Amino acid sequence: MSAKPTALVISAHAADFVWRCGGAIALHQELGYEVTVACLSFGERGDSARLWKEGKSLDEVKAIRRAEAEAAAEALGVGDLRLLDLGDYPLRLDAGAQDQLVDIIRDVQPKWMMSHSRWDPYNTDHMNTTSFVLEARMIAQAWGHNPGEKVLGAPQLYLFEPHQTEQMGWKPDVFLDITPVWDKKRAAMECMNGQIHLWDYYTRVAQQRANHFKRNSGGQAGGRDCKYAEGFETIFPVCVDELA
Amino acid sequence: MSAKPTALVISAHAADFVWRCGGAIALHQELGYEVTVACLSFGERGDSARLWKEGKSLDEVKAIRRAEAEAAAEALGVGDLRLLDLGDYPLRLDAGAQDQLVDIIRDVQPKWMMSHSRWDPYNTDHMNTTSFVLEARMIAQAWGHNPGEKVLGAPQLYLFEPHQTEQMGWKPDVFLDITPVWDKKRAAMECMNGQIHLWDYYTRVAQQRANHFKRNSGGQAGGRDCKYAEGFETIFPVCVDELA
Amino acid sequence: MSAKPTALVISAHAADFVWRCGGAIALHQELGYEVTVACLSFGERGDSARLWKEGKSLDEVKAIRRAEAEAAAEALGVGDLRLLDLGDYPLRLDAGAQDQLVDIIRDVQPKWMMSHSRWDPYNTDHMNTTSFVLEARMIAQAWGHNPGEKVLGAPQLYLFEPHQTEQMGWKPDVFLDITPVWDKKRAAMECMNGQIHLWDYYTRVAQQRANHFKRNSGGQAGGRDCKYAEGFETIFPVCVDELA
Amino acid sequence: MSAKPTALVISAHAADFVWRCGGAIALHQELGYEVTVACLSFGERGDSARLWKEGKSLDEVKAIRRAEAEAAAEALGVGDLRLLDLGDYPLRLDAGAQDQLVDIIRDVQPKWMMSHSRWDPYNTDHMNTTSFVLEARMIAQAWGHNPGEKVLGAPQLYLFEPHQTEQMGWKPDVFLDITPVWDKKRAAMECMNGQIHLWDYYTRVAQQRANHFKRNSGGQAGGRDCKYAEGFETIFPVCVDELA
Amino acid sequence: MSAKPTALVISAHAADFVWRCGGAIALHQELGYEVTVACLSFGERGDSARLWKEGKSLDEVKAIRRAEAEAAAEALGVGDLRLLDLGDYPLRLDAGAQDQLVDIIRDVQPKWMMSHSRWDPYNTDHMNTTSFVLEARMIAQAWGHNPGEKVLGAPQLYLFEPHQTEQMGWKPDVFLDITPVWDKKRAAMECMNGQIHLWDYYTRVAQQRANHFKRNSGGQAGGRDCKYAEGFETIFPVCVDELA
Amino acid sequence: MSAKPTALVISAHAADFVWRCGGAIALHQELGYEVTVACLSFGERGDSARLWKEGKSLDEVKAIRRAEAEAAAEALGVGDLRLLDLGDYPLRLDAGAQDQLVDIIRDVQPKWMMSHSRWDPYNTDHMNTTSFVLEARMIAQAWGHNPGEKVLGAPQLYLFEPHQTEQMGWKPDVFLDITPVWDKKRAAMECMNGQIHLWDYYTRVAQQRANHFKRNSGGQAGGRDCKYAEGFETIFPVCVDELA
């Protein structure tokens, strides 16, 4: 456990953390956080069409995807990347995997956690990850699980932006300005050589979210400028001493 | 418009602001805000059963309810109480009333606004107020409405806690610690002589919300103490520079 | 106000009470209730296509529809039919109409009330009626509205079955066995000469709901027989001394 | 009523039809439809911030907005533009306005209709328009409304894309390829001189929707190309002879 | 994989495909499709009360249900019936079963797929089947799953009509006219000797859906006739070149 | 199977049945029911923080929790307490556990069943229990599961009150007056020595629900008194011969 504030991102496949919350990761690294990224799989079977078309073997695909994830993490300033290699399409989220994730959560003691949307009919790995994360969060809070370890508090679980948000029933209630770290996010995206068509797609997502940021912070009547943003949905209520 | 930060609470009936957000009002007054409370009616017909049973006339009921509202506002430290006297059960929310509310919004230029839940089958005055407030907020933002006046930015609209929350589909996503001002809220509630049965009811509400505050801020694993709290639902996303 | 238990059905157009709750009306009349049926309009413009195709005038259409409604009410055993003649497509639900309905509610002092579904994109008269009824129910409960009159208690509001239930978001949570009064409901439906195609349609509805009645009362494993039923959605929770 | 197939778009403010369904309009004009665009207002008060900042009068603002709407309609190939001038922020949707819209619907006899989302807390004019359109559609179907006129059938009501879709609870279930008419939509957008910041915003929307079009038509596994698209939500079920 | 267009129906228990989409199957067979029906189980334990009451053994029940399913498939014109025999009440949907279904999907390469509703508190086999189908659809799309096989495109998943639709939260958005093949559906239903009470029940369902078909295609104002129909809910958006 | 009416409560952890439905249990025991309480686990790991802080071993914690559950059951008058010891945080709900629960259901033949809410992001054991119960209820109804045993009818499944109801999407539709047995519920709660902070919390819950009981039974206009109540949500519709 770090002396710095910490955060934990759980990504079903290796590239999800880049497209969906690369800005949040880079920004919090700059703010002094230690952000841990846990990738449950490399996305080797389902997110690597180009490599399979080229005739690569499973080991080759995984090696290439691993290298991309490591490069992207570096671009974002992430020092702690955990690659669990649980297999994908479908993820094998068994009791052993659960223990691994609970151990990571307890080790990191995150101030906040982040993962996928609750519903995704296109990609059940995504929504299964969220269920899996909620279960692990509960276990990590239990005093009787591995007694003697430090138990987890009550960190927020943010849900990052899925593809085709409306189909997933995902509704952002927090917008984060990522303008200061945009170059890092773009660089991280460009590490994903098999998904070049997504570089511009997610650049546009960030531009649209910046528009929403300005709308909701009063941009039309004099609000701050913001060129790139990310949106998140919260699961749990927030506790405050003053209303914003 | 005040040099202080400002806030605006819109209450369908005179006592709603006391039960539902008296803590938030008193706390923000202590934090240096100028909080304006706009009561659309005195709750003279629908919230004053005891007075009617005693045989009071409409004018008498209104005078008594006005005095109670003024006393409660004073107990909460509110200097700006606006009593619109639009009639209740039902509220008469016509174009003239709309102009009045838009004028108040523009005059106050609130940092945040607060009103009722979106659905209330028990009390349609409550949900009609929320629709009315959203419409007025929109008008206040329009550059072409009374050109020359300062237009409204994009303040949050908080929805305070209704009676029987689950029936109203109201889900709190913000808990506010009101422990420091609890005595003021209790004193304000005790100004409502016709609704004595609600004093303890809303005291218990505040105690339950304090429990929720602690749960969501990590209370079981070492969170801060909190004895009284209020819950609110937000309508609009929030814009931040760091995730909490 | 009757010495018998009473009930109040509010029907947007003259025939709605027949198709949607004719069984409940006839059954409760037989159980000793006095059921009041209030029709806000005759359905003269929107539910009378055949008459208009025949070249009837507005007055003729209204007279015919009035006669049908009276005949149907008689077939169901209803002694108290109130025809408000507020116009249809759209209903004109103004302050005067509201006063009329509140007066009826207070006069009847219903043990339960019944009206349309909350949402109906095909027929906005239906959903507007439900909003109108909720508002009137609230006013009828207010001690300060026409002080001296007996105020309303807290009767359930049942929502009867709309056409195309799934499109209306209507979900029945109560099934009522109307087998004993089926002949009366069928007879009442056959009073509606302009909508012959609906006689068999709503007969089938009753048969399907009887199947659901049996499923939910344990019909597959020995439940009671039931040949015709009606379904209703409740708005308010029920209060009991024993769980069923 | 045209011999061509017809369609009817109802736009709360003058520019909404451009951003939200300009592609659908231009495409159906090319497909041989006669598309009627009815603008309930010019958006003179609420959507014209720049003009008010420049000190224009109400009449000047309306004239400028009218000219922009006419130019945009021409760019899209629309011959039938109806400007109802009902006032905006808020729209005054009274009985007279309702009669106007019903007359237009009956005159046009649209194969399909299109309007705003059902919920919009940022802009109540938008959601009020949709309620107003549903009510007018119902009236237009009534044989007893202006007897002798041709009554309306049962056209679909499409809901075009609002700003900040997730906040509006809007979920697209139809994507339309507008690549062939993209230049017309862009040209129409460029007629809106007071909202230059939206030109690129809605260009990006169309690019993102093209991505979704390809995903849902099998784009990753060999689907057709599509560079620009628009999304719509349907209110009513569709009736088919073969499943797609 | 057929040269004809193909479709794939996944049925939890042997008879589900008959009641819920027998018309769609027969119709598409007549339209030149090759429809594959995959039954995950025979419904031997949970849908065969009569046989168990008669004292049949498990093997006998399965043999009888198999024969009924084969007869029904033949009546509908289905050449490709796959009986997976995974056990029922509950279905055993393990990794092996998943591989079987993915193989079928890839083998069939369906233009569209069809299965149960998303929620069914009465019958968890039904909703578990839908989750299982969504997961298998995702795997079948993955280039890295059994590389070298033809991957799946993006077929629609239709959800056929459950029993007690409102309790399942199922909302039909497509109605299909099955009048031309009604005799085949009725004949298929009559192959189900253990569930005679459902023959008329599902005949009435088809008649009611025909009424809805006509309502939504403009039947009251001159739409086409339709005597029997089936309703379906779609999961994914549709992609079109013209709005209907 | 008892000659008395029976009921079955399924509790994820040993103490849940006390806080959430101790009143319903005690009341129905007094009404002559035999209520069976099945605890899937002791809540040994997740609900026993104090014991772990004191350094107890797993066996000690389980023994203490077992004793508390037995004492609470006795305080409530429950004679049939079944402790399944499936482990907690997470519950291990495998096929063997399922068989155990189905056997209990068939043995008890409950008139009604009761368990947790459908959604609980704080505690996935709770929502997993509800899924597990629905599946077991279905199996218990299947004639082919352990043929020869008496199959289950169609009992209601009540969902008792979760912590932080609004976050769970739980909406009570039945309130039960537990005033006559309040002392028993309080005594049962006081058996839970490790969760003293919850004694007053759930006392306040009962007081608030009593207020809701009175509101919904007409308390403001003369309804019965009620000092303590519990709320429940139903899953299935109810079947009646008269509307309440």
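Order of writing sets the chain letters: A, B, C, D, E and F. Residues in each chain are counted from 1.
Keep this in mind: a residue touches a chain if its C-beta (ideal position, glycine included) is under 8 Å from a C-beta of that chain, and two chains touch if they have at least 3 such contacts.
From a predicted model like this one, the values you see are computed outputs, not experimental measurements.
Student: At the interface of chain B with chain C, does the proportion of residue numbers present on both copies reach over half, so same, or stay under half, so different?
Tutor: Result for this pair: different.
Student: Counting only C-alpha atoms to place each centre, which chain is farthest from chain C?
Tutor: Checked the centroid distances; the maximum from chain C is A.
Student: Between chain E and chain F, tell me the centre distance in angstrom, where each centre is the average of that chain's C-alpha atoms.
Tutor: Roughly 37 Å separates the two chain centres.
Student: Please tell me the distance, in whole Å, between the geometric centres of chain D and chain F computed from their C-alpha atoms.
Tutor: About 52 Å separates the centre of chain D from that of chain F.
Student: Among the residues of chain E, which ones contact at least 2 other chains?
Tutor: Within chain E, residues 49, 122, 141, 167, 172, 212, 215, 220, 236-237 contact more than one other chain.
Student: With chains as vertices and touches as edges, which is it: line, ring, star, complete or other?
Tutor: other
Student: Which of the chains touch, listed as pairs?
Tutor: The set of touching chain pairs is A-B, A-D, A-E, A-F, B-C, B-D, B-F, C-D, C-E, C-F, D-E, E-F.
Student: For the complex, give me every residue of chain E touching chain F.
Tutor: Answer in residue numbers: 44-46, 48-49, 52-53, 58, 61, 88-90, 121-125, 167.
Student: In the complex, go through chain B and note every residue touching chain D.
Tutor: So the residues of chain B touching chain D come out as 98, 131, 134-135, 138-139, 141-145, 147, 157, 235-237.
Student: Can you tell me which positions in chain A touch chain D when the two form their complex?
Tutor: Touch residues, chain A against chain D: 49, 122, 163-167, 169-172, 201, 204-205, 207-208, 211-212, 215, 220.
Student: Which bits of chain A are touching chain B when the two form their complex?
Tutor: It comes out as residues 7, 24, 27-28, 31, 112, 141, 151-156, 158, 172-177, 212-213, 215-223, 226, 231-232, 234, 236-244.
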